[in-house]
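The two complexes that follow have subunit A in common; it is paired with subunit B in the first and with subunit C in the second.
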Partner chain A sequence: MAAVTIRKVRKVFGKVEVIHGVDLTFQDGEFVVLVGPSGCGKSTLLRMIAGLESVTDGAIDIGGVVINDFAPRDRDIAMVFQDYALYPHKSVYDNMGFGLKMRGASPSEIAERVKEAADVLQISHLLDRRPGQLSGGQRQRVAMGRAIVRRPRVFLFDEPLSNLDAQLRAEVRIEIKKLHQRFGTTIIYVTHDQVEAMTLADRIAVLRGGVLEQFATPDAIYNKPASKFVAGFMGSPPMSFARLTASADGKTLAMPSGTVLPARGGLVMGGLSGDKSYDAGFRPEHVKLGADALPGGVNTTARVEILEPLGAETLALLTVGGAVLTGRFPPQAGVKSGDEVTVSLGAADMHLFDTETGRALVA
Partner chain B sequence: MMKFPSAKKMTLIAGAVVAINGFFPALWILFTSLKTESELMRLPITIWPAAPTLGNYTRVFVDQPIFLFMWNSFVVAVLSTVLCVTVSALAAYALVRLRIPAPNVILSVLLAVAMFPLISLMVPLFSVMRDLQLLNTWWALVFPYAVLSMPVCTLVLISFFQDIPRDLENAAMIDGCSRIGALWHVVIPLTAPGVFTAGILAFVNAWDEFLLALTLAPRVASRTLPVGITLYQGEFSFPWPIISAALIIAIVPICIIIAVFQERVVGGLTSGGVKG
Partner chain C sequence: MATRLSSLERSERRLGIALLAPAFALLSGVVLYPIYNLIRMSFSENKLTEPWLAKPWIGFENYAKAMGDERLWEATWHTLLYVIVTVPGAVALGLGLALLANQPFRVKWPVRLGLLLPWALPLVFAGLIFRWFFEYQQGLVNNALIWIGLPPVNWLTQEGPAFFAICVAIIWKTSSFAALVLLAGLQTIPKSLYEAAEVDGASKWQQFWEITLPMLKPAIIVALIFRTITAIQTFDIPKAMTDGGPGNATETLAMYIHKTTIDSLDFGYGSTLAVLMFVASAILTSIYLRHTRRDPSAGRH
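Moving on to the complex of A and B:
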């Protein structure tokens, strides 16, 4: 186990800079998820930690040692790849034992460690098979087994679930969480799936265009997003936004329709400039059907555009005072598309963002 | 209205034409090797030997040290094949995987080298081998044969290496291999069909080559089979049946090698390692 520190790391491919000086510190034994849209640099950052990409500038430190110039094999890491990357010409046993064999482990030690890992992952019955004879879920388990037999200081996961179907993804996600609880090894996990990020991580690093947007716990990422991008990226369905204008005294905000919301609750009071526009973000659970449905909420009229019944709840796409917001409605709400309804906007839970920088104004 | 034959029939016809074109000369040589010289010269020409004889084969071994020629050919072909495939594999890997400048230019030059007429290389090669005092040694042929087969072997291997997912090598490097180790433990086993194809090409080229062998290693002790076979002809005679028998003997090792390695030249090894 080891802590990992990334200091002002930059990565340039030709003339394109894909990582712009990222600073991150992962604690020993922490489960960190790097998340962001395609092309944000999360996989590149992971591959730099693995040693599969060089570091243009800055330093990567594992367990207090800068490993920029170390070969991948000397970093004491293990990696699980998106496409499994199992050796097709080797059996499951040989796949799992290959890393130990390369490090000069004795056959008896290899057998013991492979058996132990196979038992943990419930793949003992597959040891004689080749990867081509396994299902996707089994292959991913073998890939994880190959990583854990080595007992490395850091596990790296590069979108390991993206090739699995939804049900299998949920199962393997739980397996990964169990593995972390069992071994307590530092895990750095890359995904573009924010559900994976929220459910697995101790802390989440949200990247965008090679820049770190926010590095915080899932709770903080969800409830205190540092930017409009983070707010819109994390959460399912995502936060929806409305452009509001502050009153001259900066104490209220008005929607284009004229609905007035108090600038209160978690907002930095007095921080609003009069007559300036702000992007206000509402989580779906803060847009409720019915007058006074939310304590301290502001009632307003909305038009139901689209309903998405999910069983336990119904997601409603609403036009509210010129803005399009998503609300969480009860399953049997008795409304249909085109209806005019009264909704309660959770003004106290509203997030405000600067329209130019996108940074949050909430403390 | 005229009806075109089906695609299957067309394939069969085309296959038959190619097979006959390839096998007929070999069969003709085989039948000739079993005939007496007088039968061969008789008119009308016979296809099947009227009185098959193995006497020509006996003469092959009696008239010239053909085992020595075969041994020389075998050693030269094996050494040049090993050298060629090793260097070609490294070159192909570098061109496919490493960030080297202008790989396409290098590939074009490689192709251009492959087109070079052998005759234009004879004098410089002779001069170099003489200066290195390698004339009439196996090495006088091993090095040129390896180099001459390298372009085509590299091109063959490039096409196979390109199909190997990069993450397999990355996984090997994280598991403890160096880059060369990943090539040896992962890439080469997975591209075995390509490696054997390149090897067979290099081996056959070396086994068949005549011009360089005649120029660089003409002495009996280092003579290879293609040059050795020409010794069966006399100043005023051309014993076709004996030469045909020698040719059949020369073909046999190639047939054995191809038959042995053909089983290895099968695709599908890479299935299952990655998604899909």
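Moving on to the complex of A and C:
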């Protein structure tokens, strides 16, 4: 087990810089998820930690040693690949034992460790099979088994669940979390799925265009997003936005239709500039059906455009004061598309972002 | 019990037969009929030099003659030697070329051209080129030997050196085909396997043994089969380089058949020899094919 530090790391492919100086520190034993849209550099960053890509500039440090120039095999890491990268001509047993064999472990040691890992992952009955005879979920387990038997200091996961169907994905997600609780090894996990990030991570690093947007706990990412991008990317359904204009004294904000909201008083650092526009973000749970449904909420009328019943709740796409917002409605609200309803807008839970930089105004 | 076909299935089947018929007719004309004729002719006496004998049916007489024909057994032995030396030789060299061509070169065309050129060259050309290479007086090889202080060798007029020279020419000529087959095989191996092996701690050499070779096995077998089929028919290169000489020392089966049929105009016996060669290569190929039917990625269950 080891802590991992990334210092001012840049990566250039040819003439294109894909990672622009990222700084991150992962604690020993921490489960960190790197998340972002495709092309944000998360996989490249992971591959640089693995040693599969060179580091253009900056330093990567595992357990206090800069490993920039170490070959992958000398970094004491194990990686689970997106396509699992199982050796198709080898049995499950040989796949799992390969890393130990290459490191010169004795056959009895390999047998013992493979058996142990297979027991943990419940794949003992598959050891004689070839990867081609396994289901997607079983292959995924074998790929994890291959990583576990080595007992590395750091586990790297590169979108390991993206080839599984939704139900299996949820199962394996829990499996991975259990593994982390059992072994306590540092895990660096790449995904583009914000649900995976939220459910698995101790801390989440949100990347966008090769720049770190925010590095924080799932709770902080959700409740205190540092930028409009993070706010819109994390959470399902995502936060919806309205462009508001501050009054001349900076004390209130107006919706496009003119509905006035309080400007979250002292929470706004440095207050609001008069007559300036801001992007206000509302989580769906802060757009509630009914007058005074939220403490500190502002009542306003909304037009129901589209309803998405999910069983436990219904998501409603609403036109509110000239903006389009998503609200979480109770399942039996008796509302239909096209209805005019009264909603409570959670002005106290509103997030404000600078329209130019996209940074959050609320600390 | 035969299942009854619906009218749609019947009409589809009729269409299928109608579409296959032209190709079948063409193949019958150029493949099946000549083979039938060849087998028929092998049971007859048919010498163009003695037309007054007509073409009497002589049963297995030609075959009996072949069993005792020492020159046939020599030619068979030479052919076998060419197969044993040039098939693995070409596939091994081809593997080296394929691995080279699979490297991420910045400029790919010289490598690809070098790979394709021997393949595109007519066999007789290759034979003539190598005949000149190994020529006693002006040949490149002897010049090189003299330059490094060794005596020149009578390459094409001594049994051992002539066999060696022909093998070199055949391997050079045919390795590019093997390389193309193997290169295609190499490019189907996912890059992530090498990355996984790299993380697992395998050296480049171990990656070659543990991943490249086993993953390439199907392609290697295909290359071996195709190379073997053509090696059994070896003709052009020894024909151009030595014409079977010295004596019959480098004569192959195909060359002996050619000499019997075309030079001596003995069509009956020539056909018999051709039938024997056909049977031998059919047996060899079927042995190979039986091996390929095993799917290397399938398990033991």
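Operating definition for what follows: the second predicted complex is superposed on the first by the 359 of 363 C-alpha atoms of A that agree within 3 Å, B and C clash if a C-alpha of one lies under 4 Å from a C-alpha of the other, contacts with A are read in each partner's own complex, and residues count from 1 in each chain.
In this section, contacts are C-beta pairs under 8 Å (C-beta built on N, C-alpha and C of every residue); 3 or more make two chains touch, one makes a residue touch a chain.
Not measured: the values here are computed from a predicted model.
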Contacts of A:31 with subunit B and subunit C, given as first, second, both or neither: neither
First, second, both or neither for A:128, with subunit B first and subunit C second: second
Which superposed partner A:136 touches (first subunit B, second subunit C, both, neither): first
Touched partner set for A:91, first subunit B, second subunit C, both or neither: second
Partner chain in contact with A:163 - subunit B first, subunit C second, else both or neither: first
Subunit B and subunit C footprints on subunit A, overlapping residues: 50-52, 71-73, 77-79, 81-83, 85-89, 98-99, 102-103, 130-133, 146, 150
In the complex with subunit C, residue positions of subunit A that touch it: 50-52, 71-73, 77-79, 81-83, 85-91, 98-99, 102-103, 128-133, 146, 150
Of all residues in subunit B, those that touch subunit A in their complex: 165, 167-168, 170-178, 181, 185-186, 189-190, 269-275
Residue ranges of subunit C in contact with subunit A within the complex: 190, 192-193, 195-203, 206, 210-211, 214-215, 217, 296-301
Interface residues, subunit A side, partner subunit B - complex: 50-52, 71-73, 75, 77-79, 81-89, 98-99, 102-103, 130-134, 136, 139, 146, 150, 163
